[in-house]
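Step one of this worksheet: look at the structure below.
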Amino acid sequence: MSAQLAAYSTSTGEAFQFWVLGTVAVIGALSTVFMKKSVHSALSLAGTMIVLAIFYLANGAYFLGIVQIVVYTGAIMMLFLFVVMLVGVTAADSLKETIKGQRWLALLCGIGFGVLLFAGIGNASLKEFNGTGQANAHGNVEGLAALIFTKYVFAFEITGALLITAAVGAMVLTHRERTERAKTQRELSEQRVREGKHVPPLPAPGVYARHNAVDIAGLLPDGTPSELTVSKTLRDRGQIRDVSAQALNDLKALEQRAEERLERTEIEPATFKREEASK
Amino acid sequence: MNPVNYLYLSALLFTIGATGVLIRRNAIVVFMCIELMLNACNLAFVTFSRMHGNLDGQIIAFFTMVVAAAEVVVGLAIIVSLFRTRHSASVDDASLMKL
Amino acid sequence: MENLIALLVAAPLLGAAVLLCGGRRLDAVGHWIGTLMSTASFVFGVILFADLLGKNAEHRTLIQHLWTWIPVESFQADVTFRLDQLSMTFVLLITGVGSLIHLYSVGYMEHDERRRRFFGYLNLFLAAMLLLVLADNYLLLYVGWEGVGLASYLLIGFWQHKPSAATAAKKAFLVNRVGDMGLSIAIMLMFATFGTFAFGPVLGHATDASEGKLTAIALMLLLAACGKSAQVPLQSWLGDAMEGPTPVSALIHAATMVTAGVYLIVRSGAIFNAAPDAQLVVTVVGAVTLLFGAIVGCAKDDIKKALAGSTMSQIGYMVLAAGLGPIGYVFAIMHLVTHGFFKAGLFLGAGSVMHGMNDEVDMRKYGGLRKYMPVTFITFGLGYLAIIGFPGLSGFFSKDKIIEAAFAKGGTEGWILGACALVGAAITAFYMTRVMLMTFFGEERWKNQPTRSPEAPSAEPAAEHQGEHAEPHPHESPKVMTIPMIVLAFGSVFAGFFFNLGDRFLHWLEPVTGHSEGDSPLSAATVTGATMVCLVIGVGIAYAMYGRRPVPSVAPRGSLLTRAARRDLLQDDFNHVVLVRGGEHLTRSLVYVDHTLVDGVVNGTAASVGGLSGRMRKLQNGFARSYAVSMFGGAAVLVAATLLMRAV
Amino acid sequence: MSFPLLTATAVLPAIGAVATAAVPAAQRTAAKWLALLVSLATLALAITVLVRFDPNGGRYQLTESHAWIADFGVRYELGVDGIAVALIALTALLIPFIVLAGWHDADPLETGSRRWRPTQGFFALILAVEAMVIISFEATDVFLFYIFFEAMLIPMYFLIGGFGDRAHEHGEEAASTQRSYAAVKFLLYNLVGGLIMLAAVIGLYVVAGNFSLQEIAQARANGSLHMATSTERWLFLGFFFAFAVKAPLWPLHTWLPNAMQESTAPVAVLITAVVDKVGTFAMLRFCLQLFPEASKWATPVILVLALVSIVYGALLAVGQRDIKRLVAYASISHFGFIIMGIFAMTSQGQSGATLYMVNHGISTAAWMLLAGFLISRRGSRLIADYGGVQKVAPVLAGTFLIGTLATLSLPGLAPFVSEFLVLVGTFTRYPAIGIIGTFGIVLAALYALVLYQRTMTGPVKPEVSAMPDLRVRELLVVAPLIVLLIFLGVYPKPVTDIVNPAVKSTLSDVHKTDPKPEVEAVAK
């Protein structure tokens, strides 16, 4: 290829890398948008970011590439994941649109905007192409540092201020001021006795059931599941697995066998009653 | 390969991110999409800096990252407090702007 | 001497003011104050009359300028009085008859707790009427013109608690207003034509104006006259006006106010002379009315309404005469004066009959009253003889002259008008005889039957102290009522003869109205003979119908004409259907239009704006994402715009 | 620089308004008396203006002129000609009667009603309106005039919306909703008019470079300021529209019936007798002087509209069931006459129109206030609820009859003079319109007498049988008005003498002269 062309193009390896990773990046982005569960979105976004980091490196922005991986993918995405966990990992929000016409409008705008951008880039005069060769002559980091502490020092200072403000702001937003003294355990128990409910600690989950997983409600003597036995968070998320029906059947089978063994006959009412209760 | 393709890629990612912002209700995902858009911009900056052969683009990208970090911190804090108050992270629930 | 003229008006005006503002403390003496004021005015009138007689004919015009009324550039209206022979005649008639009727009312209204106010209104009327005849310009005349309208409104509706009375009053005022419209337009025309509307210049230069303008003015004046003098087509109010107390009917709706139209035409003679077409219309109106009124008078059983019909017809005579121009002016006025006497007398007589009969007005419930109320009988009889034109009585002279003049008009219309006048005379004789017979002769139909007629309301003063359903016991009225009747009877007997003695009335008025003997195709004797024949025929028929056989106390169905005549020849029905109903529909629909259309347009605009903004409001659904969409779309548009900018 | 009489006349009621509003809520009566005294003092000032004014002197007298907003050439310019003097006198004369008539209208309602009626506010607002009306009569600076022409709306809005009849057939709720509807309607109509006028005012400034009426009028007269025909017409329309809304001209009239129906009688009088006069006055002063050619151009249309107002208003008055609405439509008919007189462009027409403003003010005040007294007694505005009042309350009925007669312009009462002048003035130039206009007097008789007959005569209705006659306060209100009606009907010369020169100069601005009579010789 001629030098002229070389000036405009990059190595084949990079091209290959671009096409492969670019596809990955796009897929990642798409799945970020279209995944039901936010955890998956977060993970695919992380993937995209890593790809981007590689592209930075390929474009000679070594420092940024590392920062991208460390700060973004490392810190920020983890922050995301924390929040996701806080809000609920498995909570899958439906992609069903509630606002009329919103989705179509969004797609229309998106596509239109994209087309416009492509058009813009297309007929932009991006003739000169001189790589970051001599810019990175004394090392990329040094170059950046030189710029940051000379040309962009004010912006740099301000971003520092911004970061501090952000940190403080985050604390202010999330911190909840305790208005009254925390109740001691004793007081709590006394209160329980006074109110006369749940004097004993809450029952453990899955006591009468076959399992003892946390998300399975324990069964009451009559076989109905007890909400109390499952932790509040799970209840809020509606992540209670109900096995009462199965448990009842097992129970019935058990009794059946027991009766057969003891040749009892007239216990229909009991069974009957139990079935009543199970309804 | 012409590095302009990087620009095309960033444009594509940006568009996807923007669309995501518009069609997702979960505030966290919306935030992710915003991050996506920012990253797309960064890619563009970096590419430009490569084209122009100086580091200003990278500086801008750097600042963008910083700002994005700050924004994420605050934003997530907001989401958390929202979730605390109304047990939901859906942006549509916060439709208090209605007349 | 001129300064007395103002007093003529001032006296009754003062009386009215005192009586109306005085309050109850004047109730005891109110009626006397009123009578005193009108008499005072009469006295002033006599003094001035003597003064005029002292002067020679051409100086018999007194002008009194009081103050400038409305000065706007060339529009100069002054309050100026003009007393000449014509207005003098009216002053004497008005104040004279007026005073008599005041006196009569003292007795007639004795039992009405609002008598003071009644006299206040009467005085107000006198003042307005005098203002009308004394005014020196048409605008001031217009004031008097509407003033008498107001007075008649108040007096017709005097018994306001009767809806019928209130309605009649309103009707009278409205119909008069239509006439007044004519007068005001006439004044405007005068101002546009002559630049003034004072008698002197206008009448003096009448001939300078184009005939078209003059005809227009004359016709407008005629319209006014029709309204005030109850001439066809504006006659419908007079019948209903009989709702008022009888003295009112006598003074206003017989003797004075209704003749104002004739005064107007005679006063504006110069204009009419210059507009022959208008004159023809005047004569036609007169002829039609005199027949119309006479026919109506034949059918009415209500004595007052019958007399009202006759009034119409008599005024028809006057208008006819006035329309004849210089030939007839004097006789119109003469008949006006004599008519003032005998018609007032007749009404007062009718009043006294009603007074004695529990305010029964239905003649079919009268009969044989002559021996119960002799004075009333005699005076009424004399009036009767006068009106039918019995030789030697005043009506004879005046009406005969008019008929002669009608023939003297010459040409075909002369014949037609004369014929109409003759027929009218015959019908007059008929209906007056009918009234006479039904009231005073025949068997006593009021015996053993309660008299309670719809026309006689409980609030008529007499009815308040008499049992409502008691059988009436007719009695002669008190002196205070009979004296005026006697005086008027004298007038109706001798006035005509006196006036005619050496044509003194003619010579008295000639300087003002001018006079010319038309060339009559018939000799005076022939006309008189013809009149006599008509008279005899009329009386004869009436006698045959009502004198010979008994009068049924309930009206028979009668012929079509009779029934039509009972309903004023359907004229009222016409008014009712066309004007009243139509008007109601018009106003109702207009109210609707105003609410729906005019207002609707505005409200519609408001509503549409509201609806639009409501629809826009839906865009603000509060969802951050939809705002974001619009923002993003905006961004896209911006990008597109920049690209396009760079493209071009 | 002599004593600024005109400013004082306008400022005094303004101060009075503030003072009245400042009276503590406890002393209601004190506030009333204060308002009454202030209005009387203003009347005294207005009379001094009347005396100091020399009819045969210069065009504008007692002038005051101070720089105000130098950048736009807006000046604080006051000055009065005969027309303005007459109207100022009328305003200052009517306000005391309005205050006196409304003496109890703003008293707090009997317990149980939730509406709070600030007495002080009521009287303060009335005085405020007076101040603004007077200054807009005095202003010779277009901008100054515009400001107060608009500001007037604010107190009027509160007067209409805040204070209604004590009793209402549909109860308190319906009353307040209808009231607010009427108030908003009033405000919107006049605001729209005012905004269009504002555009015209700005346009005028662009064309003329300043706001001074006298300078512009002079410049127009001596031709130094030339306007393109279309410009002049547009500006004229802008001004005229606002004035036509204010002095309701068909078809811009529909706000008036609602406003008058819902507000108390004194406020209704304030609307129709005082505030609306500003509209007709402004036509005479601004439209004609600033845009003579355009005025002449628009005359035919305006005359026709005025004619429609006359007949239409009268017919609708006949059709009304509500006393106050009837009066309102009657007023619309009367305003038709005024506008007709103004645009007939004859000295009779315009003098008559000015006189008409005064007389209509007085007569409507008398009629409407009496109607208000009647309504306050029976607690209903429906004509059908009355009957036979004449027997129960003769004085009330008698005075009401005089008011009625004045409304149908009976000769001998003031309105006749003006109405006839207007008709004659119109007739001499446009005979057909004059003749149709006279139909108005028949219709006027119809609606006026129908109202009188239905309410006052006939058998006594049981509801009115206990109706008390006029009280002393009410008699004090009505009697002077009636005396004035009779006096001005018999001797209007004092007013015409003041008005005529002003009208003459206005006509000379428009380059119009009275048409000559057909027969010259007669005019002595």
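Order of writing sets the labels: A, B, C and D. Residues in every chain begin at 1.
The rule is short, and it goes like this: a residue touches a chain if its C-beta (ideal position, glycine included) is under 8 Å from a C-beta of that chain, and two chains touch if they have at least 3 such contacts.
The chain list, named the UniProt way, goes like this: B = NADH-quinone oxidoreductase subunit K.
Owing to the predicted nature of the structure, the values given are computational and were not obtained by experimental measurement.
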{"item": "Other chains in touch with both chain A and chain C", "value": "B"}
{"item": "Comparison of B-C and A-B (more C-beta pairs in contact)", "value": "A-B"}
{"item": "Intercentroid distance (Cα basis), chain D paired with chain A, Å", "value": "76"}
{"item": "Cα-centroid distance, chain A relative to chain B, in whole angstrom", "value": "16"}
{"item": "Euclidean distance of C-alpha centroids - chain B vs chain C, Å", "value": "99"}
{"item": "Euclidean distance of C-alpha centroids - chain B vs chain D, Å", "value": "68"}
{"item": "Interface hub residues of chain D, defined as touching at least two other chains", "value": "none"}
{"item": "Multi-partner residues of chain B (each touching 2 or more other chains)", "value": "18, 22-23, 25, 92"}
{"item": "Multi-chain contact sites of chain C, meaning residues that touch two or more partners", "value": "621, 623, 625, 629, 632"}
{"item": "Set of all touching chain pairs, with the criterion as stated earlier", "value": "A-B, A-C, B-C, C-D"}
{"item": "Chain B-touching residues of chain C, taken from the complex the two chains share", "value": "617, 620-625, 627-629, 632"}
{"item": "Touching residues (chain side chain D, partner chain C) in the complex", "value": "188-189, 250-251, 253-254, 312, 315-316, 318-320, 347-348, 351-352, 388, 390-391, 398, 405, 410-412, 416-417, 420-421, 423-424, 427-428, 431, 434-435, 438-439, 441-442, 445-446, 449-450, 453, 456-460, 490-493, 496-497, 500, 504, 514-524"}
{"item": "Chain A residues touching chain C - in the complex, by the definition given at the top", "value": "99, 102, 105-106, 109-110, 112-113, 116-117, 119-120"}
{"item": "Contact set on chain B toward chain A in their complex", "value": "1-9, 11-20, 22-26, 28-29, 31-33, 35-36, 39, 42-43, 46-47, 49-56, 58-59, 61-63, 65-74, 76-81, 83-84, 87, 89-90, 92"}
{"item": "Of chain C, residues touching chain D in the complex", "value": "20, 67-75, 79, 139, 142-143, 145-147, 150, 153, 157, 160-161, 163, 165-167, 169-170, 173-174, 177-178, 180-181, 184-185, 187-189, 191-196, 201-202, 204-205, 208-210, 213, 583, 586-588, 590-591, 594, 598-599, 602, 606"}
